[in-house]
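Sharing a structure, written as structure tokens. Questions coming.
By letter and in written order, the chains are A, B, C and D; residue numbering begins at 1 in each of them.
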């Protein structure tokens, strides 16, 4: 009996991703320095260009169906003249304990061996559970089959699937670029090294606010930045264990700062 | 009464299979569409033993293997068998500087990220997926190219991450 | 089940499948095509990306870019990591340039006007016909001896294309090249030449400064060279090892840049120059300035006492003094003046004031301050001087002095103030030839359109301005074959020049612009020691330059002393704040039209990405808005999203209201760029254009329209607004989303590592 | 019921199945047409164009469809659960109402299950949620509450159907013996050759008891599982430990109210005054009163725990639900219909007034629908990042499908009363007096 149970367990586990929540080969991590970020949104357009994000138009924007995988959130505090505007770029946090992965009935979203939260478009049946469970509101749904006015479709990145109607999607940490880097590394018989992979947002960021790399590599830039005393993670109290690390913005928040001199 | 039910069931089966047939119309094993030029792999790869990658030059380096460019065809056929009607067709394309609109026999949906390069580098033979092309006069599909078929092979060769979704789907 | 039934079922299934497949094969396309290359390009592997270095032309900054090409199509534009200005980074407009290339609303080939002017009714013609027609017109004009009635209206054309156009104009016999862009920094150039004697825009070294005092320079989104400056900004904040630079922004509206500042000083509109001079006076009075001409400075600045400045600018005395103290004691510090100070009726004066401030604080010619740019590669001359402006053209057109107008890629019918009546003036021109690639408001007035390539299809080069302290020449090369039947502007000029004959033909030694460009570079190579030292032959040099994206030599940076003398600036210093049209009793609110991050002067409005990109501050998409302080809004009885009518003495526009804490209660602001009447499906008929209600006030020294030069009044309109903004809630509610550390704490804590 | 004869029972019940008035046909055709147009048409349009036709948006991915799903699952708890509990506790007044109640269960589960498909982005791939061996070596995620749903609901539906069918076999046999024409073969088939022998009664009783016992924990678990769809998320206002009992109580509450409503209609239209008496309403209304008190208690606990936690997220959910129109109107209407109106049932006089019963029970159903709607429509628009907050308004398509579902349900029920004995013949006969089988003890 126990033999059958063990067999069954093995069988079940074989369907499950081996290495799930164990040590990953790579641990892709993004560090966002909020003190550098000036909210220019270059990352947003870069993401549109890289990942074939459709433009939905004014009406759909109005009901919050904009597609950007990365968005700049801004929080405005204080009254004139002591106004503080704070920016934060938010993309999929690739949580190690991701609520979305719990919810998906068909494993369309799951954790891969690089610590990425992967979305498999063609497995998605569209139950919306992942997006509902997501505490960062980063998931986007293909409400329609989106069309590109010809010849705009010539710009579409062939490395990234054009998603069809009824499918959930989100920031992938530019997995296609990771794949290319791994492919090259494999050809050259080495591991992917720091700097091989640049996500589209990181690449475009004029202030260098975004850094991407492997946290398992102690010498990578992200590993060093991740030790910063300014480190925090978004909504850390929810214990989702995000892979995106933010560095606190340097800013005097005390009220009346501006007018204290004036 | 009973006949009615039976007829109804027959109708349902007919309609359903009609739909199934429509869906698989261009992706079934044995599919061998007529090509603009009646190119014979049997003559080229079989009789003359030209290696696959002499013509499909990108297979080792890229996701796609690439149809041979027209220049490559003409490289030989400027002298060989120039009077045959098929070669004349080819020469016609070349003179018009028009690429040949081959019809894909093996076509994968957009969400599959298949790369020839990795498979060739792993030592797989072209024939493992494309069948004994060197014996075919007209290329015929021998594999379903469905996910289960891919996985069977990945399991057979114990491919690292061979059953991970993101290995083929991004 | 009976066997009979079973067989029937099987039969039905079999027949069904068979028929279905037959049916499917009959009506489905016979499967995807596999199109081989005729001749395989050497460096192209299908499915693998190639990157080509080129130049971004979405704004005048001239960033070097890499274009990702796969299977012959441009897929993405990225910054060129080797390029000294862009450094691998790129702003929103640069990346969205792709959608200008593949825009469905481009002019797809040469066209001749069919209907009335402005009716957008055009018929396609062939290139030969088009060039023939233009040649006929040119010959007619020169036959009448009115060659100088040819005008060429263009934005600043960088590099050899500009030179070629100049050659053509000179060869034809006209000196009327009118350079116009709504934001073309003529004031800045003029002010710098007047006060410091430099013609090229200097390098503002934000990266190495420790105290940045910006007067309305929105460099995070649009000003001067947003990518280069933002890179500097990031380094200023967290790149240095000696501490984080402080940043203070003076402007009436909290722009994206001001939102990143440590302090925002909302001075009264039009008084920024007074504030700058008051700070300068504080510095001079404190004894920080040690120049020999101390006395004359004291005298010049004497009217700008604290109490006067405080009264005029609405900034507290203590605060002015505090800024002055920090500005002079933090070394190096830097003051920059942007559109927010140059956009007034006395814009040049404001920028001169900023230069004075930099001078007295000792920021000129130092690292982390203002650095002069060395001479450009053309040799000797600084890049640019300020020539005749758009107002000259409008006046000439009104007086029927324009016989033939060439128009390229700028849109004065949209980007000039409504009361300048540019479109009406252009209707006076008997024949207009447009080289624009888009059917915008100005192109629609033209009689014939010879559409030119976009930057991804064309050859070209640009001597980046402002350069980062040393000259940067960026090469533009065609990375895709042209999408439509367009031609390179250089080729068009060469074609017309050759057809016209005479001197114009003589000035066109090469057959195509590509060969012309290469030949010109060969001459540069022969002349420039740095270039000839870098590689053995010109061919290798050219190949390397194309691969690299251009030519620059950091070693060529030369330190040059800069200074401002009282004599040169005295006539530009005025005690009075800038003037605003409209009685303050009737029109109580200052109007600030400003360049929006995505659209700049409206050129980005036809790009869907940029339309859907939320404004960095207001997060509004697909629209424009009027920013109103909550107090003012309450007084006027308007809420967020209501429609309001903004009326100046020169007209009125309708716009939805955006209630914004970051704007002075006596000021309203409207972004420029929306409400195109024509400019493609994405741009048309949305938003409000503040330019329509501006006076045609120009700074007479530079012919630059003063954008901030009128007062308005606002009334609520009963029509429902349709403002779509992405941020419905901007209150953090204490959830610790954007966490902060106080400015004092950061380096203390992290100093050990 | 002492004054009814055996024959009368048979005649009365079979009459409802064989004698059809034009009113019935009007009602049936109306329901069928409305269900096809409002639900079928709208759904077809939605499948063709995409989920974009709904009012769903980025934070609010779950909307009225999920509310309907939970609502219909809740209604389903009336019948089978009630019937089983009352059977095991040997409550005699169950007999004349349980058959219809079980039918309600089946039909509402069916409606609810269909709502899952309506709600899906790619419903044509629904079978991917089934764990079946495929060559693609794909498996389902058993940790997903949605998977729990798949199993719970399919099990529940199957068991309910079996429970309903087993209990009906003797009646189907009775019908078989009384109908002629085309009905005869159908009921012959359905009655499974029931002859009423001692052994048949014995095994029927055994299996029926087994299913009654089996179905109680199943029913409780089903709605607990449905609640976990929400409670296992981390969305403020959804991740509540009390959600399972809250949902079960709410389900029984709304289910019982639905039974009351339908019984009134049944009694009126099929002239079942003899079988469904005021005593039944009295008992059902007492049950409603108890459930109302329980529901109110849990509701207070929920609000209190949010208030006591006093975090920004919890406060915001409460504020959004209780004090911000339009949801605040719905919320307070729900409190009135679910907590205050049922208090009328304290008085026996009101419990036995058909009018009050109908008004209150319909009120409860409206209130319970609102409760389910508010659960999704007031929590998801207010998640953790205020920047992404966005309200939700159902689109016309969604409303059409919602309304259509009621017609669909009514249509199924109308068909049911024609093809199935809607009152248990044999058990009512037990009530009449003479024991039908040896060893059967009258309650």
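Quick note on the criterion: a contact is a pair of C-beta atoms (placed from the backbone, for glycine too) under 8 Å apart; a residue touches a chain by one contact, two chains touch by 3 or more.
Keep in mind that what you see is a predicted model, and the values were worked out from it rather than measured.
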| item | value |
| --- | --- |
| Most centrally placed chain, judged by C-alpha centres | A |
| Pair sharing more residue contacts (C-beta pairs) when A-C is set against B-D | A-C |
| Farthest-lying chain, centroid of Cα atoms versus that of chain A | D |
| Rounded Å distance between chain A and chain C, as computed from the means of their C-alpha atoms | 31 |
| Separation of mean Cα positions, chain C and chain B [Å, integer] | 50 |
| Between chain C and chain D, centroid-to-centroid distance (C-alpha), Å | 64 |
| Contacts with 2+ other chains: residues of chain C | 47, 727, 730-732, 735, 737 |
| Residues of chain D engaged with two or more neighbouring chains | 137, 384-387, 390 |
| Pairwise touch network: line, ring, star, complete, or other | complete |
| Residues on chain D engaged by chain B in the complex (per definition of touch) | 134-137, 182, 185 |
| Residues on chain C engaged by chain A in the complex (per definition of touch) | 47, 70-71, 73-79, 88-92, 95-96, 98-99, 101-104, 220-221, 226-227, 230-231, 233-235, 237-239, 244, 254, 256-257, 259-260, 262-266, 315-316, 318-320, 322-323, 483, 597, 608-614, 616-617, 619, 621-623, 629-631, 661-665, 681, 686, 722, 724, 726-727, 730-732, 735-743, 746, 749-750, 753 |
| For the chain A and chain D complex, residues of the former touching the latter | 12, 15-16, 60, 63-66, 71, 73-75, 90, 99, 102-107, 110, 123-129, 131-133, 135-137, 139-145, 165-168, 235, 238, 240 |
| Chain D to chain C touching residues, read off their complex | 312-313, 316, 384-387, 389-390 |
| Residues of chain C touching chain B in the complex | 5, 8-9, 12-25, 28, 30-40, 45-48 |
